[in-house]
Amino acid sequence: MLNLAWLIPLFPLTAFVLIIWRGRRLPGEGAYVAVAGMALAAVMSIGILFNMLGHAQPIDMNVRWMTLGTIPLELGIRVDQLTTMMLLVVTVVGSMIFTYSIGYMHGDPRYPRFFAYLSLFAFSMLLLVLANNLLMLYAGWELVGLCSYLLIGFYFEKPSAARASMKAFLTTRVGDFFMFLGILLIFIHLGTFRFEEIFAKVHDGALKDLTVGGWPLLTVAAVLLFGGAVGKSAQVPLHTWLPDAMEGPTPVSALIHAATMVAAGVYMVARTYTLFFASGGQEALHVVAWIGGITALMAATIGVVQDDIKRVLAYSTISQLGLMMMGLGVLGYTAGMFHLMTHAFFKALLFLGAGSVIHAMHTNDIKDMGGLSKVMPSTYWTFLIGTLALAGVFPFAGFWSKDEILLEAFHHNTALFAVGALTSFLTAFYMFRVIFYTFTGTQRSHTAHPHESPDVMTRPLWVLAIFSAFIGLVGAPFLGNPFHAFIHFEGIEAIPFDVTLALGSLAIAGAGILSAAAVYHWKVIPSASLRRAAGPLHTLVVNKYYFDELYQVVFVRGTLWIGQALRAFDVYIIDMLVNMVGLAGVGLANLYGWFDTHIVDGAVNLVGYVVGATGGLLRYWQTGRAQNYLLVIALGVIILVAVGLLR
Amino acid sequence: MGEQAAFIILSIITLASAVVVVNSNNVVRAALALVPTFLGVTGLYIMLQAEFVAGIQVLIYAGAITVLILFVIMLTEGGTGLRIRQRNEQAPLGLLTAAALAAILISVLTRTEWPKSTATLPQYTASAIGNTFLTNSVLAFEVSSLVLLISLMGAIIIARREK
Amino acid sequence: MEVNWPIEIARAVGLAVTVFTFLAVVAAMLGVLLERKIGGWIQSRLGPKHVGRQGLLQTVADTIKLLQKEHITPQAADAVIFNSAPLIVAVAGLLDWIVIPFGVVHIGGTAIPLVVRDLNIGVLFFAAMASLTVVGILAGGFASNNKYSLLGGLRSASQMISYELPLATALIAVAMQAGTLSTVGIVKAQDGWFGSFAFSQFPAFVIFLIAATAEVNRVPFDLPEAESELVAGYFSEYTGMRFALFQLGEYAEMFAMAALATTLFLGGWKGPVLPGLVWFLIKMYAVVFFLMWTRWTFPRLRLDQLLNLSWKVLLPAGLIWILLTGFAITFLAK
Amino acid sequence: MPVGLTHYLVVSVLLFCLGLYAMLTRRNAVAILMGIELMLNAANINLVAFNKFVAPAALSGQVFALVVITLAACEAGVGLALVMAAYRNLETIHVDEINVMKW
């Protein structure tokens, strides 16, 4: 079974090719093909999971792709526990989202193309996950970026969507550049792209004493790699693209910007965790942890003041990704991955639920909604489950994973534990703010006529809701924490479950829920007074800490200014040089022209005249008729033979 | 005796019709007179035991080239050239030259001692010719097939009406 | 090899006279009758019915009529060429028969094939003679000094030159498999029903039949004489016996093609129980019937279709088949 | 006297000179081509005759006769195509009237 793992990405790829090729002529206008491809991949992934649970050995397969000079470039796949988990998340969540899209995208003019892009995305993601070397991982990484660009800009007629896709592409490209540098750094010093060999060499102490510009090389390499993850996983300071990416269709937001693609950064850090772990004094991990922590808190605060339901979820995603990074950074390898998995399920659920709501209301603004729980019971209940999971309420999935991260933080870095706790509180707060605005009370919009979504959309919601509710149990301590047994990092001690801390985290979540209820449901405290109390902080948060404006000033204006300066240089200095050369050339050419007309041409004309005169004399010899010549030849032959005879 | 008779008859057929070819003012008749000329030469080939060459001679010369010539005559002037001068102004000189060349060549031929061989030709020459073509004379074979191809293309390109 | 020339010539003339008389009179006349009867049958008519029993003597009557008719030479025609053209066609058509083996007789234990001359280049000879016909047609068409005749002659020339090549490719493929150009040798090389080259050389057989139909100017390739377009084409000015000679030449040619198809592809005189000559005639008339069948079934092609069929379909197919045959001989047989 | 090599060569010479005569004096380009065909035939008679009487074992004479026939076919095709082109463009096939290159 594991030997066939390379087939998994080929299913979506086949679907992609088929849909691009045949388009609307396929069953379900291509949608069924895409779903079938994904479902096959999911079935195979589940098979692999059972194999791995049956303690199969991880495998590492390679084929030579080409040789550049003496450097072999290889294609290969690696299937181990981490891969298995990611495969499962990508394919299962992906299948649900594909199915959901059949209903959500119904009637779209570019319906088949949407599924083609989705399939291509799934292929790229699976390639990334299965890669056994940095090069292939990078290829998948960039393909994922491309798909993200295509899908965010799916409604390219909308200028905002086109701009958002461009922004996402360029922003992540900054991170990718760092990551590429990191890959090259590793390759130059170790001469291989393969994880297995890199890890073995690092484990044996290679790179330990090398430095780059005074910094320890291993740390630099790890931080550079992390730069890629910062871009892809929308960490501070490259997080600004993710909220804008909500311009894409909602299933895309769910698939790419919640469940899978943004998790690629986290996955990459986990995949190369050895490098981070081996960096001197685990400096790289500190960087990861602090970036993650800052991101988590900052995004959570922004999430509190957003009114667009998808943007709330987007900031929540950023915040949760920060939490995962923080978890990885505070040596919570298992915790981070666990949160990645649970988050994928419930965030996909939330996005799809939000999509269902938007589908019904035709607006994104939660302040226009309200009272939807009666109209859309399925959506309401599943959304509530997702919210509870995200807020970390017992026994839903988020509780177990978030609790583990907090536990790790508490043991390794108390400051970050405080950040994490505050984030948890804010998370519960803003999520229930959404719930209260959207589903309870009375409907505030008078133009919309909400209705429950079709079965093809609600059924995936229920499946994901079931996962969101119970998937956390694989990490439950009273079941022996099987997830930890499955995925763990050699060299990190497991920290035992702490009931007090668990209760504390539950209390924090409860506090968040209650305060949200107090403000938005019971309206004990008016929200306007809260805004006034926050004062300048509120302004700061509403403007998302002025990141976009900062980038506008520093990068966009800066680039434009440099462009202006270069243009001036070009116009006034280079053009002047060119003009001077041109003038000199014209002068020289005039001189030469005189020489040419009077001396060279004179000589040529003389020759021509002489030849003409001679030809005029000689042309009477040439009749131009072959038969005359032939006669002369025949006569010549006769004379020659006659001479030969007479001699 | 019979051999001499056959040779004389064939030679007369060949040369007489060749004279018609050369002399007739009607181009179509000249072209049709090529047929007996070629058939006479074919007869000579058969007397020389070159049956295969004889067959090819009939197939290519009498069957194809003559028809091609007739075809072109009909596509160009047809038989309309009867009242047009068919010879150029150097006709007497040309006749003299040709006759002189014939005389000189015949005198040379009759004086030369040819290194005759007493060996005989193989009974069945077609397969022997095939073998020679693919062994000793393979270069000639290849070159002539190349020339054929190129002249085929050339003829098509030259004769095609320009658009 | 010493040849006794007078005896050789006398023998050739004698054989020629007997065989040609038989062919000219019996085969051609019978052929015309057959043609008309089959045509009538296919078109649900009766055909000739009045002269003799069931119209059996119709062709005889026609021939007598043609012989009695005045021979007219148009004033504007080129008399010499005009009068000799039918002869060329007829003689070329009849010369084909020299290499056709009709059967075999056993005299004192040695089998002597019934053939005028078993030339060692028999097939080549046949092709050469067949290609001579066109000279006569072209000459006749030109000499008539008639637009339709000239057009017919030109069409005939282009058509016959075009179809000679696929015909030759078919002949070459057969000769390659048989390993000889002699017609008797080719018949001997075919052993039994399934050894006949109609099976192993099936594509060549098809090419041969199509090209042969075109070569003898029969429907659907009868453009040179197309009655409805060219008023019988190159022989529209001919009358009396010379007209009959053209017809004779054509029928002789057609029968010769059928006979060659029999020899090359259908195993010639070979067959059980019945004597060889009978088998040969049965097979030959089967092919003749096939040719007549196609004549009364298919409509006429356009000139460009005709030339395209030859140059773009049959000739490439023939060349490829020669290549395949060569491969088969080289790699399969040994 | 049996028919020997010289007899064939004499016939060939006569044929050759007839062809040469046609080439030298005919105005019609097609007639000139016919003269060339006669000359090629004469050469072929030579080749085949020499093959029989001088080197019967080698067969190169017949082989080259075949090559010459092939080349003659090429020559006829190309030559006649040229005649056709000339007739179309200049409306004459008389070689002494084709003088567009002459100044």
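When the chains are written out, they are named A, B, C and D in that same order, and each has its own residue count from 1.
Simple rule for what comes next: a residue touches a chain if its C-beta (ideal position, glycine included) is under 8 Å from a C-beta of that chain, and two chains touch if they have at least 3 such contacts.
It should be emphasised that the depicted structure is a prediction, and the values quoted were computed from it without experimental measurement.
*Asks:* Along the shortest chain of touching chains, how many steps lie between subunit C and subunit D?
*Replies:* Minimum step count, subunit C to subunit D: 2.
*Asks:* Any chance you could check whether A-D or B-D wins on number of contacting C-beta pairs?
*Replies:* B-D
*Asks:* In terms of Cα-based centroids, which chain occupies the most central position?
*Replies:* The most central chain, going by mean C-alpha position, is A.
*Asks:* Report the inter-centroid distance (CA atoms only) between subunit A and subunit B in whole Å.
*Replies:* The computed centroid separation for subunit A versus subunit B comes out at 81 Å.
*Asks:* Between subunit B and subunit D, what is the gap in Å from one C-alpha centre to the other?
*Replies:* 6
*Asks:* Counting in whole Å, what is the centre-to-centre distance of subunit B and subunit C, each centre being its mean C-alpha position?
*Replies:* Measuring from centre to centre gives 27 Å for this pair.
*Asks:* Multi-chain contacts only, two chains or more: what residues does subunit A have there?
*Replies:* Touching at least two other chains: 627, 631, 634.
*Asks:* Could you list which residues of subunit C touch at least two other chains?
*Replies:* none
*Asks:* List, in ascending order, every residue of subunit B touching at least 2 other chains.
*Replies:* 3, 49, 52, 56, 64, 68, 71, 75, 88, 90, 94, 97-98, 101, 105, 120
*Asks:* Give every touching pair of chains, nothing left out.
*Replies:* Here the touching pairs of chains are A-B, A-D, B-C, B-D.
*Asks:* Tell me, which parts of subunit A touch subunit D in their complex?
*Replies:* 619, 624-627, 630-631, 634
*Asks:* Help me check something: in the complex, which residues belonging to subunit C touch subunit B?
*Replies:* Per the touch definition, subunit C meets subunit B at residues 1, 3-6, 8-9, 78, 80-81, 88, 119-121, 124-125, 127-132, 134-135, 138-139, 142-143, 145, 150, 153-154, 157-158, 160-161, 164, 168, 181.
*Asks:* For the complex, give me every residue of subunit B touching subunit C.
*Replies:* That would be residues 1-3, 5-6, 26, 28-29, 32, 35, 49, 51-52, 54-56, 58-59, 62-64, 66-68, 70-71, 74-75, 78-79, 120, 123-124, 126 of subunit B.
*Asks:* Note which residues of subunit B are touching subunit A in the complex, please.
*Replies:* Residues 88, 90, 93-94, 97-98, 100-101, 104-105, 107-108.
*Asks:* Would you tell me which residues of subunit D are touching subunit A in their complex?
*Replies:* Going through subunit D, the ones touching subunit A are 20, 23-25, 32, 95-96, 99, 101-103.
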